[in-house]
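Next come two complexes, and both contain chain A; in the first it sits with chain B, in the second with chain C.
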Partner chain A sequence: MKAWLARPWFGPLVALVVVYLLFVWLSPDTFARSVNLSTMARQTVVVAIAAVGMTYVIIHGGIDLSVGSAVALTTVVIARVLERGSGPLVAVLAGVAVASLAGAINGLLVARLRITPFIVTLGTMGALRGAAKGLADEQKVDADPSGLDQLMSALSPSSPWLLPAGVWIALAVAGLAALALGYTVFGRHVVAIGSNVRTAELCGVPVARVTILVYALAGALAGLAGVMEFSTLTVGDPTDSIGLELAVIAAVVIGGGSLAGGQGSIAGAMVGAVLMTVIRTGCTHVGVPNWVQEILTGAIIVAAVGLERLRRRR
Partner chain B sequence: MARQVSRLELAAIAKAFGSTRALEDVSLSVAPGRIHALLGENGAGKSTLMQVIAGAERPDRGSMRLEGLPYDPVSPGQARERGVAIVHQELSICPQLNVRENVLLGAEPTRLGLVDARRARQRTERALRLLRGADRPLDPDTLVSELSPAEQQLVEIARALAHEAPKLLILDEPTSSLGGDDVERLFASLRALRDEGLAIIYISHFLEEVRRLADDFTVLRDGRAVLSGEVQASEDDDWIAAMVGENVTQGAASAVRTPGREALGCTGLVSASGLAGVDLSLAQGEVLGIAGLVGSGRTELLRALFGLEPFSAGQVRVRGQRVVPSPAAQLARGVGLLSEDRKSEGLALALSVADNLTLSKLTPFGRWGVVSPRRQRGVAAAWVDRLRIRCRDVSQPARELSGGNQQKVAIARLLHHDVEVLLLDEPTRGVDVSSRAEVHALIADLAARGKAVLMVSSSISELLETCDRIAVMRRGVLGAPRPAGELSEHGLLAEASGA
Partner chain C sequence: METRRTFCAALTALAAGAWLPGCRDKAAPGPGGGAGRLRIAVIPKGTTHEFWKSVHAGAVKASRELDVDIVWKGPLKEDDLKSQIDLVQSFTAQRVSGIVLAPLNDKALVASVNGATRAQIPVVVFDSGLSGGEVVSFVATDNRAAGRLAGGRMVKLLEGKGRIVVLRYQEGSASTREREDGFLEAVKKGGLQVVSDNQYGGATTQTAFAASESVLLARGADKGEIDGVFCPNESTTFGMLLALEKAKLAGKLRFIGFDASDKLVAAVRSGDIDSLVLQDPFKMGHLAVKTLVDKLRGQAVEARIDTGASLADKGNLDAPEIAALLKPDLAPWLGK
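Now for the complex of A and B:
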């Protein structure tokens, strides 16, 4: 029992349950319905998948601001490939490959030129956005989704799968990533570098290689999030997902991630992502105006981190 | 010699930290217009004494008087108000600010919340004028990052002097990061300050510096002032004898160990970090000690051999093969380093004992680089048992362990990695007495099993107790190693400090 209490995601999970029950109580007719649960799950998928990659980056001691631009670029790449008549699998692979490459470039710049991750990814945030706009000729790219839309669309009530494929993919990715973080040499090296990079160097950890891999992984997962975004939009949109990176970082931080590195958990980031969706959806159901939602979400981010600090001080 | 009233008078000062008695009974008198050198080996109590005088620590017993008046500062701020200022060994200046801003940092004269530019200029100029011994005066508007190390040191001193009436200045090893010319420039300024009537307490390990600069001296040993007097009227030998004391440690020639072939060596190693052509040959089954002062290049040598610091010339050999050192490559060849800086480099304090212990060699479980936490904990627990590391269990964060036990975790990592060559930088720094003996026994055991150990220590008696051979490092040059049995603490200390 005590071990559970000490987990970094325990606090956010309690907050999630409390907020959820609050909205169930305020809006029992609509909020608690299973259709709404499924909708909220679908709305969390993009942030959740990107947050898996961001968790690695933040535990490693870095930050990735280029996520939103990478998602938008991925949707454009997929649309362009589909437009040429290629199959959906080729389009998805192309999209994820481009995003992974962008991530690997982030990693190379951080590891080899030793530029701080904030600056590097601030730069690529702009560059990838520009690339997306260029590739899309500065407008939305229409293409036949060739079944990719099925990943995120609501299922018929009779379906045995309960939730759309995108949600299951997100859960599988999160589960695998959590296992890899805890139980592989790579994962332990990521934690060690974020905790104390000098110790990691002293112990012969291949710091540069791990760094490049971490950012490439974050890019790949941003690409996968881009696939889900395309599935939702069914067009390639170069102006999509502006500011998405901030929601993704918020999810990680709410879930116990520390921007100083060495701390964070995939489970916590998932709870953080769901918490933000619940607040947004709940507020809509109760009829709270948009601007109040924004204030609430901002307050929750700061409160979550502040409470965690207090808990640890004791 | 008849003097006016003492600037600072200490009577029977005592201070203990837990069960460690840092200061037993120190009495000291510092005269105005004199430079008073404080000598002593590491751990003799010099730093603690300075902390007490500067108000950072309060003594358990004893009393202090400043210009005849009772003096009992409860904080560094209060000490400064009475005119007592300390300049620490490490520079603490803000390179992006100019000289004036650095000098007045934290004590800016204000009017209506704004910096009072006129008074700021006056106060800076007064402080800088006191340093007029400098061959060219410091310009208050220069960025500190553009100054030489010696001038930066002067800025720190100016900051200490910027208060209303400076009476006593304490300098803790101010030359450890300075080159030859810079030292002269600093000394000229200090002499000028002395002639203004300031009292200066000067801590240094370099006996030659003390002889050139100081008027009076006091030797501390084991928390007591054991000898004091005028510099002119005493010999270097008297100082060293007082620093070392009666319990003269002689090197013990080890009969058990038979050194084998060369395990690690280097020729002509030169680096920007201060190595000036170092040759070394370390044999399997021997413990080779390096004596030398802080800043002599001993730590830099270990780091260059391990690949943590680049070198510009020379070569490194492992088992006769020329290699390009990098930490990962050296570990793969069986060469491991124990960092002197346990807290910021040696350990990842937030990580568990098990993570720290196995980090360099996470035994993969099967393929795909999968780690089994159960096996990892099992391996760590075995080392915790063997080295008697005191911790709740191996998942306890390293931060919560005592210094001695943290050090054992760092050493256990090298043992877990099963290295053949151990580069140990201050293996017993901040380690309690019993753990220290255990670490020494461990080193002896490793050498007996054919491992090669290169050990740096500030404690010469420790080197004499544990090493087969000892070499002295001085200003980036390593002397020839000699059998420990032929060496004495007295002789090594004299060599290292340049007497």
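Now for the complex of A and C:
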């Protein structure tokens, strides 16, 4: 029991359960239905996948503000490639490749030019958004989704898979990333750099290479999140996901990630992502006006950061 | 120490939750409010623009007349496609009685709308159409008829003789294309000569202004070679107005625009714009909810319902029916 309590994701998990039960109590006829659970799972996928990458970046001691723009750019790239008549696999690979490249550029600028990640990704946030709009001729790009929409479609009730493919992919990605973070040299290096970059350097950690890899990984995962976003939208939308980066950062922070680096957990970030979906969906079910919902979500994020401070003080 | 952390997390969640019951009472009667009472989700494209407030007021009026509950919920971020899709899915999972939706995109919402219909939740679409999708009814301005209305007015203003420029809105925008086509149909029938109808204003006032300047120059407006101009939406109308003012041509040629804003109404008052075509968002919200409730109560409904359009000009700006469209009194419905 002690070991469970010590886990970084335990606090957020308790919060999630409490908030969930609260909405079940407020909206008993509708909120606990299984179809609502699978709908919420689907609606968490994009933030969850992006949060896996963001967890790495934040543990590494950085931040990535360009996630939302990278997701939008990916949807546009996929739509454009499909429009030319290529198959869905080619489109997905092209989308993920573009986002990974953007991530690698973030990493290069941070590692080589030694500009703070906040500034670098603030810049690429704008640049990628512009690129998405340019590639899309400043409008939504229609293309036949060629089966990609199935990744995130509701399944027929008789399907043995329970949840759409996108949810399983997100879970698999999170599982692999958590293992890599805990049990590989790369994962140890990321934590070491985030804890104390000078010490890590002295101990022979290849800081620049790991930095570039971390941002490229975050880019690739933003690309995968973009694939799921395209699957939901079925059009390439250059104005999509404005502000998504803030939801993703919030998920990581709620899950115990420290913006000072060195701390964070994939499981916690997943709990954080689900918590935000539960709040949003719950507010819809209960009929809370948008402005209250925004205040509420903001309050919960601040409360989560407050918790993180309390924990670090000890 | 661990227990303290857990306690804090629980406390936070509770504190956040404490907001909700109070808000719920004000926002809408809960789902448990009376057995069998219809609960209808109304999803606009956004919640802050004047247009959507009028739609909201109309929907509230219908809900009071028909004794049903409505849940008014727009995308959290104005005009955000993903949040609108999420909302349709959430309301479907919630099993509301029916959904009234103004889709942000004619294709992207089709899958979610069909999902709702499959779950036996009827959907009425308003304001903008869907390409395909199983819906009960489409409640919106008949844009072609509205365009013809503008065209007829232009023919009358120019007494059947003159050269016309149409500044189109944007490629791929179905509603404005129908307005343009309706206008062109009417002016050609009325004997006017169309000298330009292939220029597009684009998405913003800025792009519309640039396109207006070019087309006015290219067609020799300064030499009096254009007699009338038509623009199919608010941004093109405003862009054209700015271009005409800058070229000192405002008021010298006949100008009909579409939709209203404070600046456009002021221009009608000063004579720079001859007429504005006005839609009726209040009626749209009212009829969309009413149509859905009729359907849910087993009555036959029309597949296409026109909410009409009116012409505002200097003479009738203060007439009650036009003033109600320009500055609707929403207080009785929205309580502000």
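Simple rule for what comes next: the second predicted complex is superposed on the first by the 309 of 314 C-alpha atoms of A that agree within 3 Å, B and C clash if a C-alpha of one lies under 4 Å from a C-alpha of the other, contacts with A are read in each partner's own complex, and residues count from 1 in each chain.
We adopt the following convention: a contact is a pair of C-beta atoms (placed from the backbone, for glycine too) under 8 Å apart; a residue touches a chain by one contact, two chains touch by 3 or more.
These figures come from a predicted structure and were not determined experimentally.
Engineer: After lining both complexes up on chain A, report clash or fit for chain B versus chain C.
Structural biologist: fit
Engineer: Just checking: does A:I242 make contact with chain B only, chain C only, both, or neither of them? Give me first, second, both or neither.
Structural biologist: second
Engineer: Rounding to a multiple of 10°, what is the angle at chain A's Cα centre between the Cα centres of chain B and chain C in the superposition?
Structural biologist: Once the structures are overlaid on A, chain A sees chain B and chain C at 130 degrees.
Engineer: With the two structures laid over each other on chain A, which partner does A:G175 touch: chain B (first), chain C (second), both, or neither?
Structural biologist: neither
Engineer: Which of the two partners, first being chain B and second being chain C, lies in contact with A:E201: first, second, both, or neither?
Structural biologist: In the superposition, A:E201 touches chain B alone.
Engineer: Of the partners chain B and chain C, which touch A:V191 in the superposed model: first, second, both, neither?
Structural biologist: Once the two structures are laid over each other on A, A:V191 reaches chain B alone.
Engineer: Does the superposition put A:G123 against chain B (first), chain C (second), both, or neither?
Structural biologist: A:G123: touches no partner chain.
Engineer: Which touches a greater number of chain A residues, chain B or chain C?
Structural biologist: Looking at chain B versus chain C, the one contacting more residues of chain A is C.
Engineer: For A:I300, using the defined touch cut-off, is the partner it touches chain B, chain C, both, or neither? Pick first, second, both or neither.
Structural biologist: A:I300 contacts chain C only, not chain B.
Engineer: Of all C-alpha distances between chain B and chain C after superposition, which is the least, in Å?
Structural biologist: So the smallest C-alpha to C-alpha spacing between these two chains is 16 Å.
Engineer: Intersection of chain A residues contacting chain B with those contacting chain C?
Structural biologist: Comparing the two interfaces on chain A, one with chain B and one with chain C, no residues are shared.
Engineer: Taking the complex as given, what residues does chain A use to touch chain C?
Structural biologist: 2, 5-6, 10-12, 14-15, 18-19, 22, 26-31, 33, 35-36, 38-40, 42-43, 46, 138-140, 142, 149, 153-154, 229, 232-235, 237, 239-243, 279-281, 284-290, 292-294, 296, 299-300, 303-304, 306-307, 310-311, 314
Engineer: Going by the contact rule set out above, which residues of chain B touch chain A in the complex?
Structural biologist: Answer in residue numbers: 308, 327-332, 337, 339, 344-351, 355-356, 359-360, 362, 364, 368-373, 413.
Engineer: Residues of chain C touching chain A in their complex?
Structural biologist: 1-3, 5-6, 8-10, 12-17, 19-21, 23-24, 27-28, 30-32, 47, 71-74, 76-77, 79-82, 85-87, 89-95, 105, 107-108, 110-111, 115, 119, 170-172, 202-203
Engineer: Chain B touches which residues of chain A in the complex?
Structural biologist: That would be residues 182-189, 191-192, 195-196, 198-206, 262-263 of chain A.
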